[in-house]
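As structure tokens, here come the structures.
Same chain, two partners: chain A is paired with chain B first, then with chain C.
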Partner chain A sequence: MADLAQAAQRAHPLQTGHAGVGSVSVALADNATRVSLRARPDAVAALSKALGLSLPLKPKTTTSQGNRAALWIGPDEWLLLDVDGSSLVADLAKVKVLHSAVDVSHRNVGIVVSGKGADAVVNGGCPQDLSLGAFPVGAASRTVLGKIEIVLWRTAEDTFRVECWRSFSGYAYSFLQESARDVAV
Partner chain B sequence: MSIQSHSGSNRIAGVGRLVPAKTVRFTFDGQSLTGLEGDTLASALLANGIHLVGRSFKYHRPRGILSAGSEEPNALVDVERDKSRKQPNVRATVQEIYDGLQVKSQNRWPSLTFDIGAINDVFSPMLPAGFYYKTFMWPKFAWKTIYEPKIRAAAGLGVVPGEADTDRYSNRFAHCDVLVVGGGAAGLAAALSAAQTGAKVIICDEQAEAGGALRYETDVTIDGKPGYDWATETLASLRALENVTVLTRTTAFGYYAQNFVGLVERISDHLSNPGSDMPRERLWQVRARKVILATGAIERHMVFANNDRPGILLASAARAYLNQYGVAVGRKVGVYTANDSAYAAAIDLKRAGVDVPVIVDTRDNPSSPVIEEARSLGIDVVTGHAVFSAGGKRRVSSISIRPNKGGNERKVVVDALIMSAGWTPSVHLFSQSRGKVAWDAANERFLPGTYAQDCVSVGACNGSDGLQQALDEAVAAGGKLAGETGFKGKTAALKATGGTDWVLGMIGSAPGAGADTTVKAFVDFQNDVTAKDVRLAVREGMHSIEHVKRFTTNGMATDQGKTSNLHGLAIAAEALNRPIPAVGLTTFRAPFTPVTFGAIVNHARHDLFDPTRRTPMHAWHAAQGAAFEDVGQWKRAWYYPQAGEDMHAAVNRECVAVRNQAGIFDASTLGKIEVVGPDAAKFLELLYTNPWEKLGVGRLRYGIMLREDGFIYDDGVVGRLAEDRFHVTTTTGGAPRVMNHMEDYLQTEFPHLNVWLTSTTEQWAVIAVQGPKAREIIAPLVEGIDLSNEAMPHMSVREGRICGVPTRLFRMSFTGEAGYEINVPADYGRAVWEAVYERGKPLGLTPYGTEAMHVLRAEKGYIIVGQDTDGTVTPQDAGLTWAIGKNKTDYVGIRGLLRRDLVADGRKQLVGLKTKDAHVVLEEGAQIVANPNQPVPMTMIGHVTSSYWSQNCGRSIAMALVIDGTKRLGETLYVPMPDGVIEVEVTGTVFFDKKGERLNG
Partner chain C sequence: MLLIKCPYCEEERPELEFRNAGEAHLVRSPAISEQSDEDFAAFLYFRQNPKGLQFERWRHIHGCGRFFNAVRDSVSDKFLTVYKAGEPRPDVETLLNPETVSDAEPAKKRAPRAKKGEL
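Up next, the complex of A and B:
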């Protein structure tokens, strides 16, 4: 049984490597621990304390501490991201205040678009204003890319992290590559 | 006049802005021709003395080039790079030439110069406007089979390409503070002024270069520089600014709600060898805080007999061909005008050495410096006269001139005629923005009136006719609008000299083409509509311009009547004897010019047409040779044919294996929702018909969800993981709508509940292992869960580990066999699946697909929502009364279920059907009758919802919705089919293991 138990290896849905097109690279993000967190305002302080970061309260904002980040998704919703194998789920399990924490680590896939023109690549399918004034570094929001829903997070001036559901990752990756070909022109 | 023959006999040395050395070779109808880099197809053809470029839509009349811009109605050609990259109806005035460009004329057979279809012109008295509404009435059947196909074949322009387009198209969303549409003097000035404040500006222009009329207005200076130089320098300085995006070859085609403007950028249509990465076109979807429309004005033609002859052009076009491209449109060019601006063209031509024998001006006593200048150059200016007719067929050869009020006619030999009836402000985009136009009676034109969106119009499109006036207006607008978006800054005024005022002229038919005549004086060239057609429409009772337009098709061609609308309106108003505003102007709609499907679709082709969703185990199924079926966006393994097996054989084998040994099935696509919070059970009580409060932790229950009207909406198994945590499953297709339905009720009806919903569909891979050997197969892989019947009975859930990874292990069944659904985090799905399969293979574990799953569940009478229900089926109808909590006082649909029509007799109820001949498999959807001998149309009492061959039962099985079905058990009913009536017996819905003993095995 021990042999069998070790057989289960993770398989990423996208078996593609780092794909640079011109100045822009569209690459897979490392595996991550992800939690969909839901809570009312009165629980924010306790949750923030347990997480070791202040949950963002304004639309389109994020906070991060080390590898751990909280993305504001809705008035009572956050997407929490941390490195693979982090204690995110355990940290939240200890919190007694009313909340809902659901592990969605495998639900999402992260794709990183970076380099000069990354904003234009994303704007190939995302109708949001991605100018630095409207969508500064650290901004994040649930939005669309072509025909799918994504969470978009600007981690640096020329770097965006696109989070989508697992089965849409092939579409998202192809779309971003196609858009990168256009931007590279 | 010195002629330069390399790039066409009509190219004049030293005139125009193209570089003589940069020659480009292209073909027109197979004829090899040379043009210059920067030429449009139109300028290159004219340089080579070619005016005849096509045949008209209805009468197949020879047609030439009318304009030098996107308003072109006539010069439509077919451009072909290769078999798959072929574009019909390309305007020769817009297409730039490149080395190797291949162009063909359209709507002619066998050739452009000899076209058999031109017989239509001879028979034209039989083909007046609206002829097809009355001429081809009898016999009735012939319209569809003979008349319409023939008329359609004879009419029309280009031919749709037959192969899939291999070009790439792309898309970009953009935001800006100020969008400026139009790169003429006004647009450039507005963009410059807005940009100076620091605002984010996008300026687009449909031409290859900016400048608009400055490209041909030779007598203009701005800021002390020649107009064209100023335009070029301004464009370059705008391009250099960080906050400005300059888009040339880009047409703003649609103005939608809240300053959302669609632009199409033509990227490679002008290139000889576009790179494979280069899109042909890019769609820009721009959201602008402010929009400045600087769309200019479009010159109108004169409406007189045979005004469509090749060689008859707009005066401004002739001027553009001369001053931009160095091309004389003829050697002997007549001029026909009703305003001043054509004089400028005549003067430029004359100065370039072209013979201008006459200027015919309909005005009685016009006075203006340009008229004096023309006279001083020795041009014969004849006022108070009209061109009554043009001679020549494939090219104008003469014009007949008479005084307006009649009198002696004289003929002047020409090889081209240029004309101007005046200028129509281009209010298309303004109108698209839902702005209301206002009639400027003094100048006989529509101008922007009441604005509906946050935009302004500047320059000629706003009726600001003088250059200085247009620039002042544009500079002010640019600064003001940028200021309103928060960018304040100094804007510099611009000083202009020269330029012709674009004002006055005439609308409607010219003398000689009036109400008492029957001549062919064309109003709409592209749709072959003449002045007399418009009058006929009025005589036929069309009194609204909307009716006149549809009866005559005036303005309904791809050019949307850019040159014809106002003429048509004026002729109709005259015939109706009503003022023009009372007759009305039709609304302009997007697109301003035709937009390719490619640009609209852009990235959404091939793999990107729609997302294809694959499960974590997809590649394994594919490697096993599985056939897949589409379920929504998902690809699901349908069946796994082995060598020599057809679908039927494979499904039979899979079904038998599940009942005798075990099967493994990919159920990952099932929707999953995690319902968390202290009120989770209370919430589920309200959303499902079943009771949940008392469901123990670690137990499962099959739930039915209704809509408010009492009909079944979805179903699925729900597991209680903790007091405050449920794992809900939905149907594959229902996942998104069930989530929305739940969230909707939570937020609107039950916001007081402490519960949250999270979609976990994709967090879990789901491996169903079903059959008598299921437990034996998975047991060695599972850690931390007691799998015994006592510890983990049917309909329970446990958390533990499988193959070393966390699992939510469900003991449940959609086959009627004992079985498990193994949930593991999705990335582990493939590895766990393979481990289970390797372990089970020696025990007979067989992969089965969705088809076998359907058969197995039907053998047990388990419904599939959406197949056995259709949105009009209640739980009672489906035989699921047991799933309704008897003591519940509230849930979504509870009142709907009490509706009188839902509890009355006569409902269609779900029953089983057994064909009398066990080998006959019914067709799903087949209708059921009680008496097959009744006359047609028979009374249908139900229909088959599911039907399969069941190898396990050794016969066919079916389910059906039949009126009062449950009262008919044992009755014989009939299914009439094209090749005979099938007898069936009404039975219960369970065909296999009626007592359900195998579930607990």
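Up next, the complex of A and C:
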């Protein structure tokens, strides 16, 4: 019993970072422009033209052009991401067909989970099948992480972008760091 | 974990992404002011809640956000089918005895269907 107590490493509850412990890094993404876009099928062509990319129509898929990306969220809903200060909102303001575009740049916080085993780190709190067959590079989906809702986007084989609401970001960040520690063990 | 197929996402997803939204195919009368209190109470409050197959609404709230309908066995938790909101109620007998069925899973092995009046 005493041996066990000595062998187990006690983690401080406020401990952050895990440099040198594992292969997966959990880092804050750069600030970004984000738009929640809702539109009916007949508006998709005009919106795609204004955005300079084809809005994805298949579930769990994304399309991108340069830094700009469109994530399929639902049959009439997309999350658009672009670099901070982009013309995303202005581009959409020019579209005359009926749609709803809400600037949610500051509602969300992005967290990038990358490195070998990143899928296992996300799976620490996300119940979706993240194998490459089921969730390939470029796949994106709204889902859950622990107690909160997130949007998950696989940007590379070993890299995920987690988008969560600002007030949940502390929870998401700590959760993913703790999960990264567990995976490292 | 229970896997539920979303007809909009076209694949099975973990149950944590879903919320049950009660009995399906409840139609609100277009003239509720002409309805008796009993009839309105029946629409608003009283539900079948059968032991066996039931038609339910579900919402893929932490996914695509859409409501859809499902036929689920409340005893075994098995989903017989899911279908998009607005689509007609599927025929349960056809679901239980599809003509093209292989003999792998005989229908009689499934939980019995709730009989009328057996709530």
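Following the convention adopted for this analysis, the second predicted complex is superposed on the first by the 164 of 185 C-alpha atoms of A that agree within 3 Å, B and C clash if a C-alpha of one lies under 4 Å from a C-alpha of the other, contacts with A are read in each partner's own complex, and residues count from 1 in each chain.
Here, contacts are C-beta pairs under 8 Å (C-beta built on N, C-alpha and C of every residue); 3 or more make two chains touch, one makes a residue touch a chain.
If you're wondering where the values come from, they're calculated on a predicted model, not measured in any experiment.
Contacts of A:Val144 after superposition: chain C is touched, whereas chain B is not reached.
Of the two partner chains placed by the overlay, only chain B lies in contact with A:Tyr171; chain C stays clear of it. Look at A:Asn123: by the touch rule set out above, it reaches chain B but stays clear of chain C.
Within the superposed three-chain model, A:Ile73 lies in touch with chain C and out of touch with chain B [touch as defined at top].
In the superposition on chain A, contact of A:Lys60 is made with chain C only, not with chain B. Of the two partners chain B and chain C, it is B that touches the larger number of chain A residues. Residue overlap on chain A between its contacts with chain B in one complex and with chain C in the other: 127-128. Looking at the complex, you find that chain A touches chain C at residues 59-60, 73-75, 77, 127-128, 141-144, 149.
Within the complex, the chain B residues that touch chain A are 168, 170-175, 200, 267, 275, 277-279, 282, 285, 287, 603-604, 607-608, 610-616, 633-634, 674, 676-678, 754-756, 758-764, 780-781, 783, 801-805, 824-832, 834-835, 839.
Interface residues of chain C, counted against chain A in their complex, comprise 1, 8-11, 13-14, 16-17, 62-66. Of all residues in chain A, those touching chain B in their complex are 1, 4-13, 31, 36, 38, 76, 98, 100-108, 120, 123-129, 131, 134, 146-148, 165-168, 170-171, 174-175, 178-179, 181-182, 184-185.
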